[in-house]
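Here come two complexes built around chain A, the first alongside chain B, the second alongside chain C.
Let's turn to the complex of A and B:
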């Protein structure tokens, strides 16, 4: 599906799944370049949307993979604060080494993911409902435990210089180090989805799960692993925020659910599964971040921010859809024999 | 067996004596206090004030019964039911926050019709207390708190302040920002609200970057106040990223440990506190004084906030926070 086309013609380029996403991104970038002035185009302006895109992107990729495989994970909305609170309680409140806090947060993410995956696989209840349950369950558990342990819903955390350098550092004073974690995550997942057998498995599962299982793909195992990855990614974003902002709150994180799904869909992944690419998700996340943060560089009254965000996202998705249709309906004349 | 029996008899006798003692002492006020969950960090401090006030009530021969909401799912209806519970328990005075007047007013009127005086605390406001004929209102008023914050900025030479609102449309938060604007206006300054869309709520990076962009776009801004303590942590990063630490002064409504540390370190100007301990303590002791001796404070409302926490009182506040009072 992703075999590089030997003839790099314009038509072939336009039919790549990412082309629509890229044009959507370009459109919103030019929009804010015109209305945002010199601040938007400066490195500091670029940092504004790259920083936001980075933490969202780390979560959006595994969510995208789950959606490609025909599943959904909304428990990330609780896993982000759970990750940051776990890290802050262990390393801030109890003062244990930061690696213990980081390890515990990631382990919690993996565990919640495992529970999600097992429930989805064993009960055949739609993953939207299963993870809706764990979304509330984790939020309640987090609030209850946080108050019992610390007596408050907001815990402070002073991480050491090494942890700050790796997870809470600003490169050049403005670029969050999270951006590099995002790039690393994207490279890793791009390899998995596009260059390993697991990628074909994931795409096949989204296309038709029963056929995929009949073809010998261990669909249960792949589903569980994907849920564990999304849980760990959300916990990772949570703990890096706790280290960056020196504190953790119980309530933060619900907006990631919607934002991640929007980024994935803007990035060209089909809501019904079976179609999508990592590069597309990355572009979708960038588009979403630019639309959300660019507004503050313009002279527009911030009261209208949500309206402009909505319209620009629609434009981006419509552009994307148009090009995807072209890509799916167009058949190169010389390969007409292919069924 | 005999030892066990003796112990049981002893225990029963003790209980009987204790029960009799309570009955004998119950000549004083029977105060019913409706309140929030004890595991809510805000109400934990209110509850501490109630517990401390209870010592006074007990010294006067009275009792305090804390009727706690089990959850916040149906806050108005549940609070109304707790007021009716207090009526049927034969309370001699009821202290209750009027969170949802539409749902609670009827129960409060029923209490007064049964001859039980009511005192409003934490929520409701002076006008509501007057309308219902309550003894008084003890608590915070959001607009007044905003006014104080605006005046503080203005009188310290900061004349252009943004009020960062992460939940635009919520009445109490709009009141806070409106107050900031009016308060700084009296000092010759201006304050505009920065409303953030729902997609930024709970994402500290999105909040921080929005504040950074706004500050870079208008170099005349020299103050930023957030509507919650958590948002102040994001704002601190946003100001830092804009390279404006020291020039743009940060403040917040409410406070947490990280914010108090910033005030101590000098990177945050102040925090506006509504002093919840006072709400609980004053509600109980005033109810006690009213029922027993007909005493009532003439000032109405009795405002427990805004209390300003800044470099002048940060050490005492940190000590209070450590002990659970702040």
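Let's turn to the complex of A and C:
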């Protein structure tokens, strides 16, 4: 038959965890390009979905890593507003330097992550339940403290030009600077997961935690650090939004919970852990953002977006299952044998 | 006869009021295969868990190279060179052969914070280690462990244990879920491990498999060593009878026939 080499490389491509999400992204992009017209792919149009993807993506990556390691963190839904409110209260309401506000927001994210991690590790309660608890606890604490301290649930924040440039700037008037933070985060986490030894630890933990521990991996420490990273990432997105929009609200983050999980699953991460890639998560996030924003460029009612996302999620999971089976059943052809 | 690597002296284990093991005395020697035979519930699994550090004996002691040791965690047992390979071998089905081989001891190259996992090296070492056990069909370290056959997975797990310096290999029913060909594969690997001077504890309830590789046999019945003998001292029928709880297989067959006859051929309802 044909020369085995191109077949092999195509096969290798099909067996990667992100193949399904790439096909999904391509399909969604073409769909909205056709129905959305030229506006969808114009810089303004691209900015509308890239901006959404960037803040979602910064959160989705650590959530994806937690899922690969066999855990879940839904407390991010409260950590986004907690991050923005902490920054706004400290630097807006009290007028302290913006660096202090940013530092405090990130420290809060790390602390909530530490609590999540410690509870999961020490009690062995499923992380879904633990972080469901902290989701509500942080939301309540935030609302209560915000009203006591400021008397309101919305706080204004006027950041200086440096902070604006780094965290709240629109490049070319439309592209949020967060897009670059997202790219940097993706590059960093891709190195960790796919090239450093810690990535091997995370994959092994998701595959079988007990065997991973017996093999000498400090599973407790890795779990806690991953929870801290997801808390800090959510706080980071929160504070950058406060700086961008010059204000912070108590309730502005619950949608991130499901959106991040959808992005991660569409991106080819196995819900039960042990399998996934950062590139896949990035593609999944882009796919979600395109559907979410692209609908406004079509003639369709925006209410249909959720239907598309729901179907997309189901198709993506089925497709990812198929590609994972292909990866499992793969065996190289004998050398010299005609493929 | 070589000196024993691990020996159990008067080991008892009970979980609360339930006595699981009574007064176990066993020796595992380098270059020998100890076959642990017994029916379900005879205490084989508990005995393995004592050796692999999951449980500690209630009384009695475990000696390594003649000195008493306390194996408080699986990690400690592994550090002392006791490796346990479970029925399904590799436990990370969605990891590549190279990656799973080096879990916890990843080889890296590069400097400072940019140390990267040395995939090429890991794959080469893993493939070579498995091939040295005669599994020549594994040539690509990027393959996922879940795509290997049951026998190949066992081989990979055994090769991994040997590569990282195991002296005692505990194989928990390695052939139970395998077909005839695959089981023969694993038995060959057990022989190879023995040839390399490892002490092997081979848990099984298939007498044929035990007789193919065993040098020394111990039959457990209700938590006690009912019989301890060396290769050639007992016939296959005698071993099977022992495993059936001391009753001869012939008596057992007769009682089954009697039951079937008196119950119109209906088998008894399951016990639970």
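List of remarks:
Here, the second predicted complex is superposed on the first by the 315 of 339 C-alpha atoms of A that agree within 3 Å, B and C clash if a C-alpha of one lies under 4 Å from a C-alpha of the other, contacts with A are read in each partner's own complex, and residues count from 1 in each chain.
Basically, a contact is a pair of C-beta atoms (placed from the backbone, for glycine too) under 8 Å apart; a residue touches a chain by one contact, two chains touch by 3 or more.
The structure presented is a predicted model; accordingly, all values stated were derived computationally and were not measured.
When both complexes are overlaid on chain A, chain B and chain C end up sitting side by side without clashing.
Touch criterion met: A:214 reaches chain C, while chain B stays clear of it.
Number of chain A residues touched is higher for B, counting chain B against chain C. In the superposed model, the angle subtended at the C-alpha centre of chain A by the C-alpha centres of chain B and chain C comes to 130 degrees, rounded to the nearest 10. Look at A:300: by the touch rule set out above, it reaches neither chain B nor chain C.
Applying the stated contact rule after C-alpha superposition, one finds that A:195 touches chain C and leaves chain B untouched.
In the superposed model, A:147 lies in contact with chain B only, and not with chain C. Of the two partner chains, neither chain B nor chain C is touched by A:31. Of all Cα pairs spanning chain B and chain C in the superposition, the closest are 32 Å apart.
Touched by chain B in one complex and by chain C in the other is not one residue of chain A. Looking at the complex, you find that chain A touches chain B at residues 39, 44-45, 47-49, 51-52, 54-56, 80-81, 143-144, 147-148, 151-156, 170, 173-174, 176, 241, 244-247, 249, 251-256, 258-259, 292-293, 296-297, 302-303, 305-306, 309. Remark: chain B residues 39-41, 44, 168, 193-206, 208-210, 212-214, 216-217, 229-230, 233-234, 237, 241-243, 256-258, 261, 324 touch chain A in the complex. Across the interface of their complex, chain C is touched by residues 191, 195-197, 199-201, 203-204, 207-208, 211-217, 270, 274-275, 324, 327-332, 335 of chain A. The touching residues of chain C, counted against chain A in their complex, run 74-75, 78, 91-95, 99-100, 102-106, 108, 115-117, 139-140, 143-144, 146-147.
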